[in-house]
Amino acid sequence: MVVKIGFGKLGNIGSAPLLEFLLDERAERKDVDVRVIGSGAKMGTEHAVEIAQKLIEFKPDLAVVTSPNAALPGPTKLRELLTGAKIPTIVISDGPTKKAAPEIEKLGAGYMIVEADAMIGARREFLDPAEMSLFNADLMKVLTVTGVFNYLWQEIDKAVQSIQKRETPILPKVVIDKEKAVSYSGLSNPYARTKVMAAHEIARRVADLTVEGCFMVKEWERYTQLVAAAHEMMREAARLADEAREMEKAEDTILRTPHYDDGTILTKRKLLEKPKKVGEA
Amino acid sequence: MVVKIGFGKLGNIGSAPLLEFLLDERAERKDVDVRVIGSGAKMGTEHAVEIAQKLIEFKPDLAVVTSPNAALPGPTKLRELLTGAKIPTIVISDGPTKKAAPEIEKLGAGYMIVEADAMIGARREFLDPAEMSLFNADLMKVLTVTGVFNYLWQEIDKAVQSIQKRETPILPKVVIDKEKAVSYSGLSNPYARTKVMAAHEIARRVADLTVEGCFMVKEWERYTQLVAAAHEMMREAARLADEAREMEKAEDTILRTPHYDDGTILTKRKLLEKPKKVGEA
Amino acid sequence: MVVKIGFGKLGNIGSAPLLEFLLDERAERKDVDVRVIGSGAKMGTEHAVEIAQKLIEFKPDLAVVTSPNAALPGPTKLRELLTGAKIPTIVISDGPTKKAAPEIEKLGAGYMIVEADAMIGARREFLDPAEMSLFNADLMKVLTVTGVFNYLWQEIDKAVQSIQKRETPILPKVVIDKEKAVSYSGLSNPYARTKVMAAHEIARRVADLTVEGCFMVKEWERYTQLVAAAHEMMREAARLADEAREMEKAEDTILRTPHYDDGTILTKRKLLEKPKKVGEA
Amino acid sequence: MVVKIGFGKLGNIGSAPLLEFLLDERAERKDVDVRVIGSGAKMGTEHAVEIAQKLIEFKPDLAVVTSPNAALPGPTKLRELLTGAKIPTIVISDGPTKKAAPEIEKLGAGYMIVEADAMIGARREFLDPAEMSLFNADLMKVLTVTGVFNYLWQEIDKAVQSIQKRETPILPKVVIDKEKAVSYSGLSNPYARTKVMAAHEIARRVADLTVEGCFMVKEWERYTQLVAAAHEMMREAARLADEAREMEKAEDTILRTPHYDDGTILTKRKLLEKPKKVGEA
Amino acid sequence: MVVKIGFGKLGNIGSAPLLEFLLDERAERKDVDVRVIGSGAKMGTEHAVEIAQKLIEFKPDLAVVTSPNAALPGPTKLRELLTGAKIPTIVISDGPTKKAAPEIEKLGAGYMIVEADAMIGARREFLDPAEMSLFNADLMKVLTVTGVFNYLWQEIDKAVQSIQKRETPILPKVVIDKEKAVSYSGLSNPYARTKVMAAHEIARRVADLTVEGCFMVKEWERYTQLVAAAHEMMREAARLADEAREMEKAEDTILRTPHYDDGTILTKRKLLEKPKKVGEA
Amino acid sequence: MVVKIGFGKLGNIGSAPLLEFLLDERAERKDVDVRVIGSGAKMGTEHAVEIAQKLIEFKPDLAVVTSPNAALPGPTKLRELLTGAKIPTIVISDGPTKKAAPEIEKLGAGYMIVEADAMIGARREFLDPAEMSLFNADLMKVLTVTGVFNYLWQEIDKAVQSIQKRETPILPKVVIDKEKAVSYSGLSNPYARTKVMAAHEIARRVADLTVEGCFMVKEWERYTQLVAAAHEMMREAARLADEAREMEKAEDTILRTPHYDDGTILTKRKLLEKPKKVGEA
């Protein structure tokens, strides 16, 4: 059975742009069919309705919706329409979504709240296309090496596997914090693990400054510096994540977990060894 | 008038994941409405047909389609259907697309071929979700700081402006090479410019190794090392791009070009100054 | 008049070890006489009593007391004894001291609460003499470049000047946060300023992990990783502070404010210029 | 028995500010009681007399005195008064102290001469509070990772242990040079050891430039550059020390030697293992 | 028997300046006698004739000639004269020499074509003595760590050994590309190997920009930037090579292959072990 | 008139391998003709005699001889034969040559003693071809950026100019120390200047460790570490030199002094400006 996964994207968070490719990194999987519907930077309820409609037309076995702050009306509407259409739905969003978690549970949807997926410094004096792109690139590095991305795709994969077995998928209900992230990082050196835990916390705290700079401070010289400082923090977190990965290279222990054609996850540690299925000799 | 832009994404290239956000980096523009339809990692003609159909339902004023190697049947079908529906279409793709350029022109579509958008090292022994994500993050840094992304969104913006004026949009027909990219980088320090030109060339040459490793070498130990070396090159290119941007910070000359609500491009150089419209005192 | 300053040190914080030398960095001042009495790592009330007694014997015109968490009984006793002896007293301490601020004010003492002076990761599985020393060295770098140390010694200098003029010294009552610190940093490049603001916030957030690791988590494997991650954060903050200072070197704009023999503060920006008194041509 | 240790500090050297905390890095030791008396940056004989008096009032079982150049009158007076009061005394000082070594021995005192503890660039055109602090932070890193600090506290600990056994303490008489330092560094990787040996030599040679710049060259432009170059050397030495420690992290072999509550030294190599007493299984 | 080796150097390439010292790095070999004749930067046929004459006077058992582009008249003349005098001759040159390879073979000479030995950015607006020297230093680092230099001296050593055994030496006929180079690098960590393969490719591609900048582009602003970008690439390649070697230090696995007095190659991996002859226990 | 310059090279020092190319970095000069005669790593008197003979056959207008320690018999013989043949001769050598300076003057020869040109760590347990090459590459970077190489070629150029004017050349008699070197560095940022002064001193002090390791310490484990530490110092000096040059790039102030075809020295500071003769508008 080919499992149909529909991704609905309202606005942007760091977890969103590469999400569908995390599931099928070499375009070789035969067990899934993916469709993505997005509304760009906008995330109003009218966008939510249209995205839901297109996704439902696709008749997905599983829906994954991404947005900032899933407590807002747009993301709320989107998941209500999808769960209303009996589609198993996973909400992936950032820290402010915590307050919506009970309501998401009530809908029967799953959620993965990514604490390190900090809000960008969205002030006109600072954020232009280049700055937006660099922030996302740094954030992606952090989310990758800290283990957050592994957590995301492995939970989606689990749901896919349940569906393939015609079981009701168990949808994740998790706030990914520093320790949960690191447990998925696959890092073997304990100092590499502490470095990515540090990177995670720095990334998470970026949001303190961007929230202050975007919503609480009115003087433009002050908020410009605040959001700029926040982006420096994210750059630093990315640098630390990179340092951790280089440590693993130095010991030739980078965990690689490529997908096999049938969706199975293979695993290997040494660069010059063949990946194996778990349990394979 | 709100210009409707439809993004069709078949498979992934570095230029694609953040493309729609480059147009509206703070979600403030009122002059455009964006819809994205994608098929994830897959790029067959059947996906092309479905994406085209959904895009056409959206009745976009402008379509932008992204894919690797736009000479392949899937991307070809997608742009044929869109241009067949009289939708002005811009093809954004990577180096191998050059051979399709005449045919794209014949369709009346525009194209932007990004030489530095090198193919990923898609070998199962090497490429897992984490490695895929890190490669894309590095590549995004390169494409941002070298000026490639600026080139992409400014051409799309030009088309949008023509459409707003009810003019026939002039679609770009360009191969973005090292010198064209740098001319859009906005870098003021000449050494920063040479550093990003170096980064561009390193990134472009990544494709030599990934193509060799993915298509020409059969021994797995050899191709694994080739594609791994290619990703080291991209990491290095990203580091050089970062170095160039830091140079501009050291002189407080980073060019910022945020979008205003109405889609106008503002501009500023000093961190602590207000962005202005071009020509504004 | 030579102003006698007595430093009482109970336990250690990053602001303490070099504090008296910040006042007289080249041992040339003739207007102050300094005495330091400390009890090493311990900070019980019995130590406080003994330190107070020795300080009072010195008959200082001004007392400066340093300790972690000045709300604890030891530091509280120390300042009570000093203020009881009518000695103008400034309390310098870390974040948890905020809750003691009203009580300190009531005593008529001043205080400078240093948010970035984060608690060390005091777990036996992690903290040995070397790790303690490295943490302090990193923290000193952060406190120096972010402007915190400038803030501390300039406030003490102000009190000294008042006393020299036989005025009642105005004692500081300040929580040094990211913006207050940076305003004292003397950095001229706005990106250097945002970098040290980032360094400040990373340093401040170190305390979240050390408090969690030292007081809230019981499993040793977990708390060891938490406090180790916290020290990685501080190392990163120091690196960022260093980067900011190097930026200023690149423009030859490092602000230097050496003390003259009579305690006057001189000032200069270019490495190869003579320092001048403020207002001097 | 609780051993009382009195620290007398005249002026500053890199070995001094954290010295008492090296003995009790987590404030948990029950076997020692520490008192510190200092005179800030000044080191005249009048300061020496007063410090000696306060220390003698404390009735210490062991005195440790720190100062630059212990051949000067102030430090000489201090140790004469202490040894005259029959207090076992260890002198810790920098390179110029070598000439005083025979005289120190004659007094029955011990000494630890730290070659790498180079004189600061004390010129008004260069050295302000911030520069002083950064130099000390760099120097502390060097003294920590090269093994110098380990040497210092372990010798003091040995004396403490003798006193606890009611034995006459054997006081150290040592010039800590590059090889002696490294033998205490605990580094396991031989390249890390050569890196810290290099760091040690660079730090030691800082004094050549600061002595030339402070005492031999009269033209201010020249001496300013000389002392500034010296501080660049120290920054570089610190960077190399950091690099060495990161190497050990990469192999998870950092030696940690925390003090137990009773003053015993524990030891461990892996981050995630419990420290043990020497000889413990 | 002492083998006499004559080095003829026409113009400069990165492989040339240290070549004779690679054979006898500590000046201890007793089995070879070396003479070097060079004409500096010039490489005309008149220089070739004179160098050949001086070399022939030396009656070498083996000649090694270095130059850029050995297809040019000067280098061609030089090897013709040497082979005409029945001297076994090895040509060492850069990429453009490939077209001369058949002709070199016809002469009975050997050749080693070094792909990574890229042409320098020889434009007057850019290349001064300092820039020339820095480029060569970076290039030497690349050629060393990637394994190219090992390849060069080991092939010369093989020829020497044949001559010592009174055999006709088998002269190398090889184009050293990325994989051949790395196979001689002695690096044990597979990521270090991929890093130097990346460094090799970056270095090789330097020539694309310098050839374009020196021969194809006429506008001085453009060619100045092209050749400057090329040198940035080489600096980056050197940095990557350095990173690879540091990785090996971190595992204490640097392969060292010193020459013994009799020309035998010894070998060792750990810093603190004695080198051994191959096969020695 | 074309000035004929003969370079005689006995053994190796860092100043030697690129020396002739410093005079004619782009192979464009028409006013000089260069010949190089060398004996590889060996520097016995028999080599000196043969090199002298070949050089004299060339009838040079100026001879430049390089070797380590020019007080040794080989280098002494070489300059005696050259000056005996009435050839103006400049000796370029390293620190130990100072003791031969009076004797060189007596011969009427000039000398340039390069303090930073430190002896390599020539121990069989450590120094293999790769380590030799890397040391030289690092040393070349130091000698370039600190200004030493500029000093060398400019003095040779001065002698060449005198000869062209048929004047008796004034030969240099100089010990190049840290301040003399920096005065030739062309660096404009004062911090860059202090950084290269630091690099110079670190490089100079390398010799302390290599001399100790090669001649004074007998235990192989000890001397291996000493010479390895020395090479780490040189790597660090090179890194600092690189940092200084990058600082100048950040301000676009790198001084470039290319030779014109007629040997004139041109000069420029901005990357994108044409070089000019001194005095040219």
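Residue numbering begins at 1 within each chain, and the chains themselves are lettered A, B, C, D, E and F in the order written.
One rule holds in what follows: a residue touches a chain if its C-beta (ideal position, glycine included) is under 8 Å from a C-beta of that chain, and two chains touch if they have at least 3 such contacts.
The structure displayed is predicted, hence computed values, not measured ones.
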Problem - Given chain A and chain E, the chains that contact each of them - result: B, D
Handout entry: Taking each chain's C-alpha mean as its centre, the one farthest from chain A
Key = F
Exercise for the section: Count the residue numbers both chain D and chain F use at their shared interface, divide by all numbers used there, and answer same if that is over half, different if under half. Expected result: same
Exercise for the section: Please report how many Å separate the Cα centroid of chain A from that of chain C, as a whole number. Expected result: 40
Fill in the blank from the handout: Whole-Å distance, C-alpha centre of chain E to that of chain F, is 22
Practice task
Just give me the whole-number Å value for how far the CA centre of chain A lies from that of chain F.
Solution key: 57
Handout entry: Residues of chain E whose C-beta touches two or more other chains
Key = 190-191, 194, 225, 228, 250-251, 271-272
Problem - Chains touching one another, given as label pairs in label order - result: A-B, A-C, A-D, A-E, B-C, B-E, B-F, C-D, C-F, D-E, D-F, E-F
Problem - Footprint of chain A on chain B - complex, ascending - result: 7, 9, 11-12, 17-18, 20-29, 33-43, 50, 54, 122-134, 136-138, 140-141, 143-145, 149-150, 153, 186, 220-221, 224-225, 228, 235, 238, 242, 245, 256-260, 266, 268, 271-272, 274-275
Exercise for the section: Under the touch definition given earlier, write down the residues of chain F that touch chain C in their complex. Expected result: 189-191, 194, 247, 250-251
Completion exercise
Within their complex, chain B touches chain E through residues 178-179, 182, 190-191, 193-195, 197-198, 201-202, 205, 208-209, 222, 225-226, 228-233, 236, 239-240
Handout entry: Residues of chain B that touch chain C when the two form their complex
Key = 249-252, 270-272
